[in-house]
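Below is the structure I would like to discuss, written out as structure tokens.
To keep things simple, chains are lettered A, B, C and D as they appear, and every chain counts its residues starting from 1.
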Amino acid sequence: MTDRLVSQIQNHLPNIPVQVVSQGAEALVFQTSVHPYIDKPYLKNQGKYIIKYRPSKPYRHPTIDASITKNRTIGEVKFMNKLTKLGINAPSVISADYNRGIIWMEFLGTELTNGDISSLKNWLWYLEKNESKEKCLNDQVQSVCRKVGKLIGKLHLNDMIHGDLTSSNIILEDFEPALIDFGLSSYSGLSEDKAVDLYVLERAILSTHSVFSDHYNQWLLEGYEEIHKEFSKQGGTKKYVETYRKLEDVRLRGRKRSMLG
Amino acid sequence: MGYAVKSFAQFPQFQVFIALFADVRSETLSTVKSELVGANKQYDYCFLNTNHLVSVEQLYSSIYRSISNFVNETMRAKTLNTEIIFNLAPINNIMDALKRFGVDESCNNVIVIKVINSHDVVDNTFDNEFTNLLSLLEVSESSSIELSDNILFSLVNIPKLKKLFKLNDANYSNDTSHLQAELTRLTIGAALLRGC
Amino acid sequence: MTVDLDKYAKPGKDHYIALGLEGSANKLGVGVIRHNLGQLSSNNRAQVLSNVRDTYITPPGEGFLPRDTARHHRNWVVRIIKRALIDAKIKGTDIDCICFTQGPGMGAPLQSVVIAARTLAQLWGDIPLVGVNHCIGHIEMGREITGADNPVVLYVSGGNTQVIAYSKQRYRIFGETLDIAIGNCLDRFARTLKIPNEPAPGYNIEQMAKKGKHLINLPYTVKGMDLSMSGILGYIDQLAKEMFGKQAKKVVDETTGEPITAEDLCFSLQEILFSMLVEITERALAHVNSNQVLIVGGVGSNERLQEMMKLMIQDRKNGQIYATDERFCIDNGIMIAHAGLLSYRTGQTNDIKDTVCTQRFRTDEVFIKWRDD
Amino acid sequence: MSSSTLIPTAEYSAPDLKETHKFDVGNGDHSTDGQTTQISDIVINAGGEDRDKPSEAKDTPLGHLRAKLTTLQDQVNVFLTERMKQDKSKNAQKEEEDIERRILDDGVDEDDSD
């Protein structure tokens, strides 16, 4: 199946060599060494770029398919552009073709010693596999987890919701965390929605990094609280208390409200 | 200095002639403007002022998108030259885009762009375009300067740029050496979201 | 390690017989199922001895009220049970357990049926009672009939819209409707168009949709893993009222200029609702890294939904779609007998005092003791 | 009258009733066509027909019991519906007295109530 989609992207972007990086329900992520229009762009990585492609879905009526692909692509570019404007670490947008569901964006992350991309997940897995317990819980890990918490706190303070927070959607650029993959992102000021965002990440870390997840999640929340305290004048502390209380509710009933049968 | 020829990996069927001329007299610019309005074939170029251009990357991003729209027949403007101008702008109004980015009598630095089919290019094609422009713009060869980030950054009007692209409230790092990079990202992002 | 399903087998008996009673909505279903000893597998399938159903039908434009539905179930249940026993060629005393839908569903109809179950249990010599979650019934019957071992399940019916995947002895809800169920949405639109309820409003909407040509623009409201449909219903209800009400407003398709018909409305409603369902199903598949989809619930018999799901799953590495025909995907008693027997065989039964039915009974509240993959 | 005549009985007691209310089906002619368990009017008015009537009572001890039970059920339904009406009116009355108190104490503005 992926080869049908790779050939689709090839004829949309002739002469651009692409390799599949990942394939989700909605989009394919490719990596390429070719920038669409300039060799030395103002980006963290030069010579490596990401193309996110939303292929047309054969099951959808063409009119529905076209409008969803277009709206979702525009939505994601808008979200990423706002993050850049707010100075929240995320890939910068290079170019986009809304009708075809294509976004070119900055490549974030470096290669870990084992060759994996430096996502929070891969980095923590690498430590858990090859390092001692002390190393896994040392100050650097603590500071990175706190920075991740601060990053998400900044997002929420701007009433932005990621929608799919996992340790693989957080990339470390020389130990500075950045957010990626905004396919499910949205805008909301509700502490309930922010709590669910945090709960999804907490569950993801619990299931992927079960050994030390308590520590990671705790440091993460400490960072989240810290950034809210820095913005106490704009009501940051109140927002944190409210979101934390909702997080405890969500933990009790799980993500889902009880539903009439 | 002369001109540059840019090509895009995705569109080998085109080559793009680009030149930057300084100290073009205002009277000449108003002639150019009226000739453009009169759609005089001789003036079949894209003329830009430098007030709102912060880097080559910003310029190239618009040329790339314009050629892509031209190839996919999704251009919003009638001609490729106007499409390039429109794809630089953050607001969805062609007339306003022309006013901000197009020929401006009060701005004596002019960027000239022409997209040419690769199979029409012979060895002196670009030289001829260059000499043709020297006469159209009534300037000598010495007025053509290198199209580089440093030069563009020295010519751009940053307060005007920030106002047009609504970037005054953006978050800038306190190390001002990053300003050109940051403004490049923000102007490209804003132009991409024009009308969205 | 598979779960031992014979810990509670009766000495000297090489099989189990279970009676299932379903009445959570407007369908009254009674089924008799037989399991042989040992693991259920492709060469040891559950046997459907009988599967009888009677549906309470209301006149066009009317929904089924709990009071009249309960009355229908109350006055038909004895006759339907008799027929199920005759079809299955068994006597009441052959039955190992009596299974009933404990919820979710409509209160009064559930009540009518559970009274019948309690009465039979005492009449035929204290036969154990087993309360079954309606949705778990659909899932387990779907798995048994189709042989899909660990599919992502799309449960779409009059009262439910959920995407479910099994993990650690629970059926977890990955995505669901945030307001009304899809079957309910289709039924209510059928009422707006005064479409007959015979055999089912959803079926008649499907036949009209097949004749639809023009797609009208409807809001697409997927939110992450969930979806919402009340907005879409409100929008298309309003449009239909304007078109077919007193105003008789003429609505024309932008591209062809041809007039929009009721068939076009049905076609468009199906296209938008099913696109949303397939999207959240695909998202759950990617999340749990599975390539099997099982559709259960009355709306699952819709051919367009099955076709769209097939198109989606074909794009996934050796993806496989499973669906059951109307004997099983529409509410029935046999699914309750089957799921109930699985509970019985792992020692889960209900004392009479614990057979109170409940309208709200979430799928992930049930401990799936008969699986441990 | 066959030897084993089965007579269903029911009684209802509640704190506000002086004595337990006993239902007596009496010996009129009973049938399974209960008065209080008919199909809703909405269905009939919408052109529906009632295909869910209970089967006729057979001339057997159990058949007679079913018929008598139907009568008893009607009596219970009528009795309970009447009590609900009384409760409703009693509540309404309490509501009435309460408003006067609230106006005097809490200053509830009479006009804005719908």
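As a working rule, a residue touches a chain if its C-beta (ideal position, glycine included) is under 8 Å from a C-beta of that chain, and two chains touch if they have at least 3 such contacts.
The structure presented is a predicted model; accordingly, all values stated were derived computationally and were not measured.
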item: For chain B, the least number of touch steps when starting out from chain A; value: 1
item: Whole-Å separation of chain centres (CA-atom averages), chain B against chain C; value: 62
item: Chain centre separation in whole Å, for chain D relative to chain B (CA means); value: 85
item: For chain C paired with chain D, centre-to-centre distance based on mean C-alpha positions, whole Å; value: 34
item: Multi-chain contact residues (two or more partners), chain A; value: none
item: Complete list of chain pairs which touch one another; value: A-B, A-C, C-D
item: Interface residues, chain B side, partner chain A - complex; value: 8-10, 12, 55-57, 60-61, 63-65, 68, 72, 74, 167, 169-173, 180-181, 184-186, 188-190, 192-193, 196
item: Chain A contact footprint on chain C (complex, rising order); value: 24, 103-105, 134, 159-160, 173, 176-177, 215, 217, 220, 223-224, 271-272, 275, 278-279, 282-283, 285-287, 307-309, 311-312, 314-317, 358-362, 364
item: Parts of chain C lying in touch with chain D, wherever the complex brings them together; value: 56, 58-62, 65, 67-68, 71-72, 74-76, 79
item: Residue ranges of chain A touching chain B (in the complex, touch as defined); value: 13-16, 34, 36-38, 41-42, 74, 77-78, 80-81, 84-87, 92-100
item: For the chain A and chain C complex, residues of the former touching the latter; value: 1, 4, 23-26, 57-61, 63-64, 67-68, 163-164, 184, 186, 254, 256, 258-261
